[in-house]
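Quick notes on the structure that follows.
Chain nomenclature is as follows: A, B, C and D, assigned in order of appearance, with residue numbering initiated at 1 for each chain independently.
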Amino acid sequence: MNSKEKLSGLRLKVYETVFEADTPAGRTFDIALLICIVSSVIVIILESVEPLREQYGFWFRITEWCFTLIFTLEYLARLWTVLNKKKYVLSFFGIVDLLSILPTYLALIFASAHSLMVIRSIRLLRIFRILKLPRYVGEGQNLIRALKASQHKIIVFLFTVLTSVIITGTVMFIIEGPEHGFTSIPRSIYWAIVTMTTVGYGDIAPQTSLGQTVASFIMILGYGIIAVPTGIVSAEMIQLKNTEKISGQVCPNCFREGHDVDATYCKFCGHLLN
Amino acid sequence: MNSKEKLSGLRLKVYETVFEADTPAGRTFDIALLICIVSSVIVIILESVEPLREQYGFWFRITEWCFTLIFTLEYLARLWTVLNKKKYVLSFFGIVDLLSILPTYLALIFASAHSLMVIRSIRLLRIFRILKLPRYVGEGQNLIRALKASQHKIIVFLFTVLTSVIITGTVMFIIEGPEHGFTSIPRSIYWAIVTMTTVGYGDIAPQTSLGQTVASFIMILGYGIIAVPTGIVSAEMIQLKNTEKISGQVCPNCFREGHDVDATYCKFCGHLLN
Amino acid sequence: MNSKEKLSGLRLKVYETVFEADTPAGRTFDIALLICIVSSVIVIILESVEPLREQYGFWFRITEWCFTLIFTLEYLARLWTVLNKKKYVLSFFGIVDLLSILPTYLALIFASAHSLMVIRSIRLLRIFRILKLPRYVGEGQNLIRALKASQHKIIVFLFTVLTSVIITGTVMFIIEGPEHGFTSIPRSIYWAIVTMTTVGYGDIAPQTSLGQTVASFIMILGYGIIAVPTGIVSAEMIQLKNTEKISGQVCPNCFREGHDVDATYCKFCGHLLN
Amino acid sequence: MNSKEKLSGLRLKVYETVFEADTPAGRTFDIALLICIVSSVIVIILESVEPLREQYGFWFRITEWCFTLIFTLEYLARLWTVLNKKKYVLSFFGIVDLLSILPTYLALIFASAHSLMVIRSIRLLRIFRILKLPRYVGEGQNLIRALKASQHKIIVFLFTVLTSVIITGTVMFIIEGPEHGFTSIPRSIYWAIVTMTTVGYGDIAPQTSLGQTVASFIMILGYGIIAVPTGIVSAEMIQLKNTEKISGQVCPNCFREGHDVDATYCKFCGHLLN
């Protein structure tokens, strides 16, 4: 949004209010929006409960229309003030903004679209736009950076898990067969995932001795495999903590960073650090 | 309790006995109270078992009244000796102390309050007041400090989990619908939590192919997410261990830090550490 | 394959194409094979779904024969070009290659072999031969090395788990007995594994008070035991990260070690590191 | 067994064979015993399977008597050679040795003791006496030492878990009540343990909205609590790895150990380390 200076008058003011958070108006707007989003999601959740819908259905529809109108106005305000409209509409939050209001209008036109109205709960994602409290964003970015640094390890890990569950699923499909609930390989793979992640619903469970033996091996294997992502994340977290021990000092000679807190001389050019 | 010196005579003695643990009387009192609390909680637990209640109901009621009288006396003693009575009554342990005795008296007056008598098991929390064994308190404080140091990470993590389960719950409510047990969004969210925490009761389980596919993704995601709190706690624990070992001493000769707590001489230049 | 130079002409070219990945032909071959393997496994998985098999059974058989012919040609090409044929045939991938095509031919001869056709899904393992992308292989090797470094710890751990589940299984067989689903010791051991790994299907669950008490102890024990492999892997991962960062260089002036890999000058005395 | 030199002749030889592993006879004896123990446990496990017992019951009884005779001879040999007989009989392995043979004889006298014969599977514990392979014992001791170093943390943790499940169990007993399977507080506590350890059988599951809400909180709490033992063990494991980095050097002046690998001067007395 480096083209902000091209805006002027009311449009600039609206832009600062809806897109930014460093003016009093912007902050008030953000808090109001936060309350609207959370309330509207609560209404959607409550509306899905049969007895509540029967009793308060009318009020749910009223509040829903209020929230839809507010969000429509907000969407139009964003559309009006932003310079690169196409980029906004196709951006992640542009699509989320649209999906937050569209279902209500569609349900008005097509009666059959009514069942899709719960899509509106996607509104919840909009909270992440408002939640720019620097502290939490910083922590969140640290978490994401830690995960990104381990992405190769994570891909290798996911690939191993995927291969394991496909082969396990096939083997269990042969051993147990449709008569014990393993009706197809996809369903057996589903069982393998349920087992390896230690969720264990029990809706499908091996019943032959051989099947239970194979399942036992997979469980102990899954027990070990669960240690791998934990190990990866732990190692990254500790790394993160250690990098906090690296001083923010810049060498006055070569202008490079990354020195240990206890370093006296620049480790790159040998110049004394001040 | 810096106003302890204002007390005198019997009141001071009672105060030292019920609130403190460094006199012989105080220690005896603490041990006796510990036994009373544990026994009374065991009685409450056993009383809830139908066959035992039928057979020994009379004795359970007798012992319950004994414990209630003891705890009432203790409560009155605390109330009498403490100077700032209001502060004590409204403090956490003040409320717990009251809730430990109130239900028994209420059940005497209102017959219908009988079902609430199990609230008395809140007495168990009173153990934490007695358990001031320095070693364990130290360890407990370390654990709490470690968690507090990571509180921003934990809040970001909990917020992500919350958003994930709400969106997942809504998606599964659309996919599976009431005919497969996902009768409302709150119930679907409950299912999502049961699945993501790898508890997996199996009372609600996806039955359509699409639902099982989505569930599989969530399980593998939950598998990864479980690694995050573990990584956070591990990193804090290791930090804790390391800070315990390195003293803040600086060598007076070479001005370098990072010496072990048990070091007498600088490990770099051999100079005596002060 | 140090005897590669003995090959010549077409045979050398075919060898380089099917076994290596550093010529354009080799790379194209690998990508084509990867697509074939993944597609054929998807076909096997889809074929196992009853409704799909009934409707598209004919097409599944056609594509299966195409893939089998491709894999047969590939197997013959490998067999022709490799010098030490016996070693290849008996190697891990030689056996996997054969098992990938054999079931289709066997099903042609013996009608009863049809049910074993799913063995073909073992083809999936062949992906690991193609997946030689250096980055992922490196990460994979790191993971394997980390696990190997801890193999004694892991064996001790597995042995403890094995002994625990056998003794627990026997104890629960005595306590619960056949009338509560613990029909035999092997089945009780299966239950113990399901419980200790926190999978918890619920197909077998203790129903007596004593059984539930013992089960509770095992669960809390399993809770602690799950920490051991995680701890092992975490420690190895962190070790791995640390060794990557510290070079083995010694300062030629002050003879001190522990310099970062990217250091040019000694961080303690400022002397140039060689 | 520092009184070994008091033994002589055959008795000394037998002592060395049954109690020690550093003579060829001792090693042969250990391997033979290992095979006997494992085989006899396998026989016990197989005997518990109904169809196998019906078909091979006679052979199971024969082999059982063989193993019992062997173990009886071994027990008598140990009893004969050991000097402090009382200490051996009352030691952990002395009791295990006796329990390994007693049930078979008791079943001969009292027909009703037959059901207790599975106690013989306690024999498995005797493997730990034989398994003195130094490598594994070393690793095992490291694991145990790591756990011992954290024992205060572990006790605080277990105490917190215990209090949590008792209070949760009571609360759920009030909320759900006997009509939803929470028939008594002990049973509710069992449910709380099953939930918090993420086992989740599903034999008891909350059915009211309030109960499911409380259960959700407990699950997320349990999710976090599971991180604590993992963090403890990880920290200890890493500590263990780091102590391996401490040199075995002894100061030539003050004879104290525990110096870092990179230390030049003794950190206790300042003397140059050689």
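Here are a few things to note about the model shown:
Everything below uses one rule, namely that a contact is a pair of C-beta atoms (placed from the backbone, for glycine too) under 8 Å apart; a residue touches a chain by one contact, two chains touch by 3 or more.
Remember, it's a predicted structure, so these values are computed and weren't measured experimentally.
Each chain gets a centre from the mean of its Cα atoms; the one farthest from the centre of chain B is C.
At the interface between chain C and chain D, two copies of one sequence, fewer than half of the residue numbers in use appear on both sides, so the contact is built from largely different positions. If you average the Cα atoms of chain A and of chain D, the two centres end up 42 Å apart.
Rounded to a whole number, the gap between the C-alpha centres of chain A and chain C is 29 angstrom. Looking at chain B, residues 186, 189, 198-202, 226, 230, 232, 234, 238, 268 sit in touch with two or more other chains. Against chain B, in their complex, chain A makes its touches with residues 41, 44-45, 48-50, 115-116, 118-119, 121-122, 124-125, 127-128, 131, 135-136, 138-140, 142-143, 146, 154, 158, 161, 186-187, 189-190, 193-194, 197-203, 226, 229-230, 232-234, 236-238, 240-241, 262. Those residues of chain D that touch chain B in the shared complex are 152-153, 155-157, 159-160, 163, 166-167, 170, 173-174, 178, 183-186, 189, 195, 198-202, 205, 209, 212-213, 215-216, 219-220, 222-224, 226-228, 230-232, 234-235, 238-239, 258-260, 263-272. Contact residues of chain A toward chain D in the complex are 198-202, 230, 234.
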